[in-house]
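First the structure, which I've put down as structure tokens, then a few questions once you've had a look.
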């Protein structure tokens, strides 16, 4: 049974990892701690829900469309909300993203109400069972999707010109500008990619839990902690941190009790920071 | 920062007179809002000490508020101790708990510290849910008695309001005393550059820890007042959303500005109530207000009526 | 050595990864006057200042000033022992005004505890410090900028403000880390005048600087570092002709390669 | 997405407008505190709609005739407590401070009702709640009435049914909330007193949890044939889904197995047993008449809360007709009413504790996800 717990922990951890990855992309390119990162995932969930349940759009079309929608939301966020305050002191920028979080989460609550909605699973059917471990198809899909996405992002970051521009801006905004890179456009695209990644996480998570408007903040906290454990600013760190949090949450609630799950997860965070003050992979961009 | 010419004398006088004269004329619900704004102003002033002056982002301040509130609630209900003893006890215990964030602040700063403050707030809230033997858990603590002053109980909200105003004025004076003293200056110096401040002889560890202890103590006082006023406590009101709300009060008001924190708590608490006739739309509009103020008023609301400094570009 | 040694380092060592910034360095700073500390880039000058001022912890070795050992201890303890410094790349308090920056320099001369702040029992000292700060600002010609935030000053003005801030501590030893970097001749002359006025008041200055003309002119003694070792020490005239110094700066003559 | 709020609002406005003109008299205002935003807003919306509909029907035939012969329409003043005690405190204070509000309906969540009881009591205003937590009517408050059977009644019915189905080993899971813990205490007591049994296992979870693999894992591993879950619909639906995924084929009983749960759980709800104060498939005449009229009005099946608040408005209207609009008189009139017939069955407002009604049903979801009534308790 413990293996079962760890495996399903990996599944939920994979979604935290993806959102943490998006979180770190924004931090690297714009030095912004984005409190609305969780809302990007929720936005994708609702777009997918509306398209598939009410628009009767088949899932294999609805899912990519909703990821594109959250990418657009990310791009608009940078253009309208972030760009005017970039460069100001950290607290002003954090407060702006808090304001955005309020707008997005309460906007969703306004349109869809507070209650949870069930979401159709892309691969229905009995969960796969092997070696006594039962793995719901959706959890398998989540883990596979994460691995694929990470590989794609890594390839994009290393091979494509956009990836290089993103990393240049992350290293040094001024120098990147001097090299002729349109920094603002790159940061906007960085937000779009980050929101898309969060969107994928949202769409993968939707069938496992119910889609509801107030999922954003809890998701954000988990991925913020994941990003910090992984070494704020490191992509592999964000992944490792996300998976670690998912597994710890499950194992603790199985072995100890769900009441103290969050307390123990946070204590693990603090112990990790004590051992590795700058996280698992401190400066691995 | 521009040398701080304190808010024009006239504005201060007007505010003081209004704070004393207006409430008796208000409808019960409006008076209730004034009391809550007073309590949140004290809480915002205490957070301003950490965020505004020492420059440390703290998103777990509701944790201190909870400790102060529960200390008074439990002492006055379960142990029958008078409010006037429970208040100092709350201040003391919460101040001591300030060390729980003071010590980590020596080792981490920026977003690492922000996460730890979030963790602190959530751990304290979870413990208040699970330690039923101490806090009655989700059932909360109810029927908390109002303080008794000169023989009669401050049952009426108006009487309690004046108690809050007196304490708010004291905290306001204390903060003004600090901002102009060597202590306040040293805190702001270590905010701008810890290494340089240390070379000037500032014992960074001592100042950071005292900042958290002092801030926690004042937050505990606000908690004590809150418990005695609403007469009921339960863990739900001390979550991360409350910590974020207090943080927004300080930043919207004007980081580092005393008048700003009070203005911020007024805006953050009263604005949603004023927008209430818009029914379910008011909270979305409130989010937009936060973005707009930060966009066009980097120095926060304080820049409107006092010469408080613009936010450091 | 002369009995008037103010600062003594022995066996001072500090490395960054493989790079040996200071290796077994033993030098003395005489009390009074301006002592130069020169050497090619990367010779360990800044590391020496950071270790002596408590910003960096040495791997080994001792630093004693007026009989007190301060190596490896916190920067505020070094400050308490009478050491003040400026920074190679400007570390002013951007959020404070020019006057407040200088008042911060005098931090140790105030009682800045919570009680003092609360009861305001420190008014007399604060007033004394304020007057001294205004005198220093006059010396560095920044009185007209007093109320402005430090961040709004020009580069030259910010350099002079750093010196003013250090002077407010009434230090025994003032460490100047390349105060003349990037300055025009007029500004250089102003700084030299400030240094001479400071020394006249009994403060000892250790000057780390690349502007050789100024160093040779103002310094009574010069110590030369190269690769973290002291390769020469003495009056400017001797240093100018010292073989080891020339080779360190100009590299080996062709035929010796 | 049907913009329910807007449509609901429009319908209400036209109704009041029509009545206002006819009666011309100043409306009698009744306060309602419910969860209108956030988690649980779905039920809150249905509560408001049922209360408003009851008022519309009364107002359509001339409003309430007062002892002095005048006829005045009813008006609903709804406030939102977001299922949070501190916000509920503000909301209820606003209703009670308004002298024109003669009586108070709600709150629905026990975690909001229990701590805010003292506000209504100090004002001496009649308050009719739908919260099931035991303690609400054990605090000695004289102004509180409960228009719903308590979790003691439900748990007794549920315990009897589970044991009757031949299950001795029962795993209990509960939400770490006021509602969850009160349900668990009632269920454990019912098992002990009626069957002298103790739960094989007791596991708690947090409200808002999303991953139930850990709990489901422990239940499946312990091999209990029956599980009884006490908590809210979302967590209940997630728990049964995870249990089914891990191969649990036993009996799953749940104290909030209403239509919202059925929608969330989907096919996993088949075979789930639940106790409810009222359900639309109840066969008695009053229930069927109410269900027919409700479907005609909203073409949707009513849930338990629809019947509760529909009855509550009619009960209050009847008391106002007898006692007028003074809060004290109204409270006294209710306290003196021994029996009153409503959709849920017959109420006894004069009950000293305020528990007016004990009728509840046990339902089981069949293949078509229709809740069949398998046991009735009066």
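The letters A, B, C and D name the chains in turn, as written, and every chain counts its residues from 1.
The working rule: a contact is a pair of C-beta atoms (placed from the backbone, for glycine too) under 8 Å apart; a residue touches a chain by one contact, two chains touch by 3 or more.
Only a predicted model underlies this, so the values are computations on that prediction, with no experimental measurement involved.
Asker: Go through the assembly and pull out the chains touching chain A as well as chain C.
Answerer: B
Asker: When every step has to jump to a touching chain, what is the lowest number of steps that links chain C to chain D?
Answerer: Contact-graph shortest path, chain C to chain D, evaluates to 2.
Asker: Would you mind checking which chain's mean C-alpha position lies nearest the centre of all protein C-alpha atoms?
Answerer: B
Asker: As a test of understanding: of all chains, whose mean C-alpha position lies farthest from that of chain A?
Answerer: C
Asker: Is the number of contacting C-beta pairs greater for B-D or for B-C?
Answerer: Between B-D and B-C, the larger count of C-beta pairs in contact belongs to B-C.
Asker: With chain centres defined as C-alpha means, what is the inter-centre distance between chain A and chain D in Å?
Answerer: Centres of chain A and chain D (C-alpha means) sit 38 Å apart.
Asker: Using mean CA coordinates as chain centres, what's the gap between chain B and chain C in Å?
Answerer: Measuring from centre to centre gives 42 Å for this pair.
Asker: Determine the centre-to-centre distance between chain A and chain B, using the mean Cα coordinates as centres, and give it in whole Å.
Answerer: That gives a centre separation of 32 Å.
Asker: Name the residues of chain C that each touch 2 or more other chains.
Answerer: none
Asker: On chain A, where are the residues touching two or more other chains?
Answerer: In chain A, the residues touching two or more other chains are 109, 259, 262.
Asker: Considering chain D alone, which of its residues make contact with at least two other chains?
Answerer: 37, 176
Asker: Classify the inter-chain contact topology: is it line, ring, star, complete, or other?
Answerer: other
Asker: Considering every pair of chains, which are in touch?
Answerer: The complete list of chain pairs in contact reads A-B, A-D, B-C, B-D.
Asker: Which bits of chain A are touching chain D when the two form their complex?
Answerer: My answer: residues 1, 4-5, 8-9, 12, 50, 54, 109, 111-116, 118, 127, 134, 136, 208-210, 212, 214, 218, 249-250, 253-254, 257-259, 261-262.
Asker: Mind pulling up the chain D residues that touch chain A in the complex?
Answerer: 1, 4, 35, 37-42, 45, 176, 203-206, 208-211, 213-215, 217-218, 220-221, 234, 237-238, 245-247, 260, 263-266
Asker: Under the definition above, what is the set of chain C residues touching chain B in their complex?
Answerer: 53-55, 74-76, 78-80, 84-85, 87, 91-97, 99-100, 103-105, 107-108, 110-114, 116-118, 120, 122, 126, 147-149, 151, 165, 169
Asker: Mind listing the chain A positions that touch chain B in their complex?
Answerer: Result: residues 27, 33, 81, 84-85, 87-92, 94-96, 98-104, 106-107, 109-110, 217, 221, 224-225, 228, 232, 259-260, 262-263, 266-267, 269-270, 273, 277 of chain A touch chain B.
Asker: In their complex, what parts of chain D are in touch with chain B?
Answerer: Touching chain B from chain D are residues 5, 36-37, 80, 84-86, 89-90, 93-94, 97, 111, 114-116, 118, 135, 176-178, 181.
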